[in-house]
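Each of the next two complexes has chain A plus one other chain: chain B in the first, chain C in the second.
Take a look at the complex of A and B:
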């Protein structure tokens, strides 16, 4: 089995931003956007997310798999739930409202009535701006952040060394565990194990994974003893750790961090001090459904 | 059997176990992604979820939490799905809760230990997937019906099914490894 990271250097603006500044901005955006349903604020934040995504220069071919998953999630959440079933819209949209088709509509010669309101339709657009905005930021990470940077980044962001190193170590274990998985799978196949043809009910399917799962897990635990001993012999954890992957802030990173703080504080003040966070339908949107 | 030490210890061994657990969870999730449940959105069957549960039971709550939290991040990074903090946190809790029971489990083959581990699977999955699902309320504005039917139930039911079936098998195998390697 081939396990490969999705990152490669693209010489994009994103490649020149310090990973710490990127995480700070991404979380500031996440906490800002989840505070509000205000259409102007959401539109502004969505525009920022679009610019951010464009800075990554990630091609459709690269990110296709991730976007398929997000499209499926958006479809089930917005089209099925908010528009088709109208399941309450999260308690955000007040009951009642103006019907999109007050007199019903005709489809294949049959007259149909459907209770979709303008307010719920706008809520679907707001949901789209919010979820897509978050997705635009976070889907970029695997494609534009070097896997060697994670340990150093989280350590420099204040995570204890042991935790940061755990993350670093986990990244390093992945290729060897993937190879072990392939070897175990081949060995079990030689004994008649057929993972690709797992049939039967849920419990049977799960239980049939055991011949793959158990040897792989036990081998990993046994080999980890040697690694822990080697780390102890080299004095792991005795002093502050240094990182091979060097991180350095540039002036544009400080600008991004300052922007992140302004964004989060600004949205928080607008929402909580000035009461601008509530759901509202812009007046111009009603004109599409007048008469 | 070895007498249990503090469940909150995080020394060199725990660093390695947590990293191995996270990497195992990521690799197995990535490899077994084809076992997708029909009609459940982005929730896969994920038999690999038993890894954080088992690492929690065997090595304590911190190791279990990291195996779930970091493992889910790595699995999503490998698959190109991005970064979904609340679901990562939920997966961490799925490993953390069994870890809280680890002090009570000394003999991994004993019926009482397996029952406790099974109980921890239900509690951990309920709390972890509950938190992750409820986060959709404030992240994406989903209503309670969506949270329950589309997010929580598929994730919770598959997690406990995987945990209840596979965790005892891993525990019994681990007991044999402990005996054979002379660590008992």
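Take a look at the complex of A and C:
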């Protein structure tokens, strides 16, 4: 059985915005923010994302797991990839630049040299603003959107019924997978399996977690067959679908949609017509590393 | 011709073979169903009941492909000439497990799913859904999340979703399988009432005795894809093999009279009430999260060597939650669970698995190995057994579930019933002192589960056996102690004779007396213990 995300009504501003307007804004933001590395634009967009997130009134407790996952992703991409290994900045950050530690530094009594440049450090900060801004918008969705609204929303946004309902099912896949994983983990623990004791290289580790992965995959396959049968038995996809969940635009939704259009068009014009999209390090940032 | 004069359902010369199989799943089936009739379709697992339903509701050939001869007619029209949406407005199907059928996250949305597919306006959807919910007495659940409803409620929700589409034929595939006895009784009464209102109802069910209570107009018995009996329920009693499907105790006693008795000698050690408990629950309270409702309310329970315990209770009474505590899969919110004297909060599940073997309900959530042999070796390998010991345990476990020929087979390629037996064998192979089974008979037919329980109970090596069941007869035949749970508390604990004595009290706990219980109570002065119907026949004068 597919389960839904842990949504509950909070009477927040977000609860009063039509889901269609929310999706339109979220995608407008996504397309806007991915066009630019300009520090002012990124900072402005990041501030908008923070305000948007605050409108959801989602507590840390509710979204903790989601943020832990995103933190892991951010750490891998930014700290490990950009700062430590120096990757991920190709084509954006020009070669060379000013070293953060031109004379090296001491750690545990040893003198070390490390070629991190100010430009790459600023690129990491820009990446953080961009990815965190996108995360702030999209992590909000499962916690603040009524599970009944997905299919109707995508359908009213113009997607075919089949695709709209597929999107709804896709959103419910992750919490359902988590629930099935918990059951399988319990069943294997009851046979003496200890996840903590999985050791060895990557291949060996994958082989050792097969007792979890295979039942999980098989259940997902069987479950998809069940869902397809259950849908077929109730005539899904045979004619144009109506939706029980009622959607209605209010004036503030139109304001949000207009803002979304202005945001996307504005950033596009600034980036492509006025050439403001390029990567640049603000002058004040260099002052931290001047001495 | 007016539609009412044409039969709702006619099956003519229907044969079907799945594309991937050599044998025919259905062979020359002919039957029909009239408005207002309940047809009971009985038979062992794999006899073709579900395939027949799929041919009627259109899933064959849409989702399941193969070779088909003959045809199915709905009100005189061939299903081959109907679209699935046309079929779905005439034929409503309720699957065995409502969790496999429910799509909506909230009850009202679930009930309206089919109506949305039909493209009905919102007002009509709400009207029809309201009627269906009120008809089944679950109007109060309309804004509940489907996931949080109980097993019985889920089934009613799924049925409401089917009824809202106003079908004229209702196909019910083992609808009682996951229900407690009282919920099953209520469900059957609903099916009868729907038939009395003019629906044609086809009911596939192993629990024949339960269904007979609603007096089905017709009983069809299938074996190996063929109809071997079609007639009234009285006729079935005389022709069908009483070891294959569960018939009323009086019928079995009459037919088994004079027949050789199956030998049954439980192998658990003699009970010593003074012995140290293997498992002990001390005032256990449990809730999943600090904000969620309490599931167990101060549970006290001890398990000693020599006990065969049946845990009974309604859907949602806390049975599974209780046994998971014994293994340490769940830790009490307050109170203590001691396993061989050690607090489970201070141990790992892997450590506990040396003492407690726990068989989960669903085999597909644990089977993973490339062969049955490797599946069975997984547990003992994790516990650090030597290779010869593992091989010995695997052989013993596979023999216990009668699947020796399947050792090289991938477990996931087996039928559901066989997978269930492999999952049980994979726990048996750890040779734990205590065996705990959650609904061990679910998804298995009568003959298979009787044979399996006989084997388990007669297998030496277990100090105690605990099983959760909704089947009262299973408890009274195999258990020497019955623990009754109601709303997270132990409300009765003792011998089957003591706990199952008061019928009114049992009804209050949502457990219904069976004909076997009544017969056992009647003959108890002569027998001195509860017996299966075949054994009781030795004492009866019928």
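Here, the second predicted complex is superposed on the first by the 208 of 291 C-alpha atoms of A that agree within 3 Å, B and C clash if a C-alpha of one lies under 4 Å from a C-alpha of the other, contacts with A are read in each partner's own complex, and residues count from 1 in each chain.
Convention: a contact is a pair of C-beta atoms (placed from the backbone, for glycine too) under 8 Å apart; a residue touches a chain by one contact, two chains touch by 3 or more.
The structure presented is a predicted model; accordingly, all values stated were derived computationally and were not measured.
Asks: Contacts for A:260 in the overlay, against chain B (first) and chain C (second): which applies, first, second, both or neither?
Replies: neither
Asks: Which partner chains sit in contact with A:73 here, chain B, chain C, both or neither? Use first/second/both/neither.
Replies: Only chain B is touched by A:73; chain C is not.
Asks: With both complexes superposed on chain A, which partner does A:186 reach: first (chain B), second (chain C), both or neither?
Replies: In the superposed model, A:186 contacts chain C only, not chain B.
Asks: So in the superposed three-chain picture, is A:36 touching just chain B, just chain C, both, or none of them (first/second/both/neither)?
Replies: neither
Asks: Does the superposition put A:214 against chain B (first), chain C (second), both, or neither?
Replies: In the superposition, A:214 touches chain B and chain C alike.
Asks: Go through the superposed model and pick first if A:153 touches only chain B, second if only chain C, both, or neither.
Replies: So A:153 meets neither chain B nor chain C here.
Asks: Using the superposition on chain A described above, determine whether A:127 touches chain B (first), chain C (second), both, or neither.
Replies: first
Asks: Give one of first, second, both or neither to describe whether A:244 is in contact with chain B, with chain C, with both, or with none.
Replies: The answer is second: A:244 touches chain C but not chain B.
Asks: Touch test for A:206: chain B only (first), chain C only (second), both, or neither?
Replies: first
Asks: Residues of chain A touched by chain B versus by chain C: which partner has the larger set?
Replies: When the residues of chain A touched by each partner are counted, B comes out ahead.
Asks: If you lay the two complexes on top of each other, which residues of chain A touch chain B in one and chain C in the other?
Replies: Of chain A, residues 1, 3, 147, 172, 210, 213-214, 218, 222, 225, 227-228, 231-232, 236-237 contact chain B in one complex and chain C in the other.
Asks: Across the complex, what residues on chain B touch chain A?
Replies: 10-13, 15-20, 22-24, 26-28, 30-32, 35, 41-42, 45, 47-48, 50-51, 54, 58, 66, 70-71, 74, 76-85, 136-146, 150, 158, 161-162, 165-166, 169-170, 173-174, 177, 181
Asks: Going by the contact rule set out above, which residues of chain A touch chain C in the complex?
Replies: Listed in rising order, the residues are 1-4, 147-148, 172, 180, 183-184, 186-194, 210-215, 218-219, 222, 225-246.
Asks: Under the stated contact criterion, what part of chain C meets chain A in this complex?
Replies: 57-59, 62-63, 83-85, 88-89, 93, 95, 99-106, 108-109, 112-122, 125-126, 145-147, 161-162, 165, 324, 327, 329, 348-350, 353-354, 356-358, 360, 362, 364-368, 378-379, 382-383, 412, 426-427, 430
Asks: Of all residues in chain A, which touch chain B in the complex?
Replies: 1, 3, 5-6, 26, 30, 34, 37, 62-63, 65-66, 69-70, 72-73, 76-77, 81, 87-92, 123, 126-127, 130-131, 134-135, 138-143, 147, 162-163, 165-167, 169-174, 177-178, 181, 198, 202-203, 205-207, 209-210, 213-214, 216-218, 220-222, 224-225, 227-228, 231-232, 236-237
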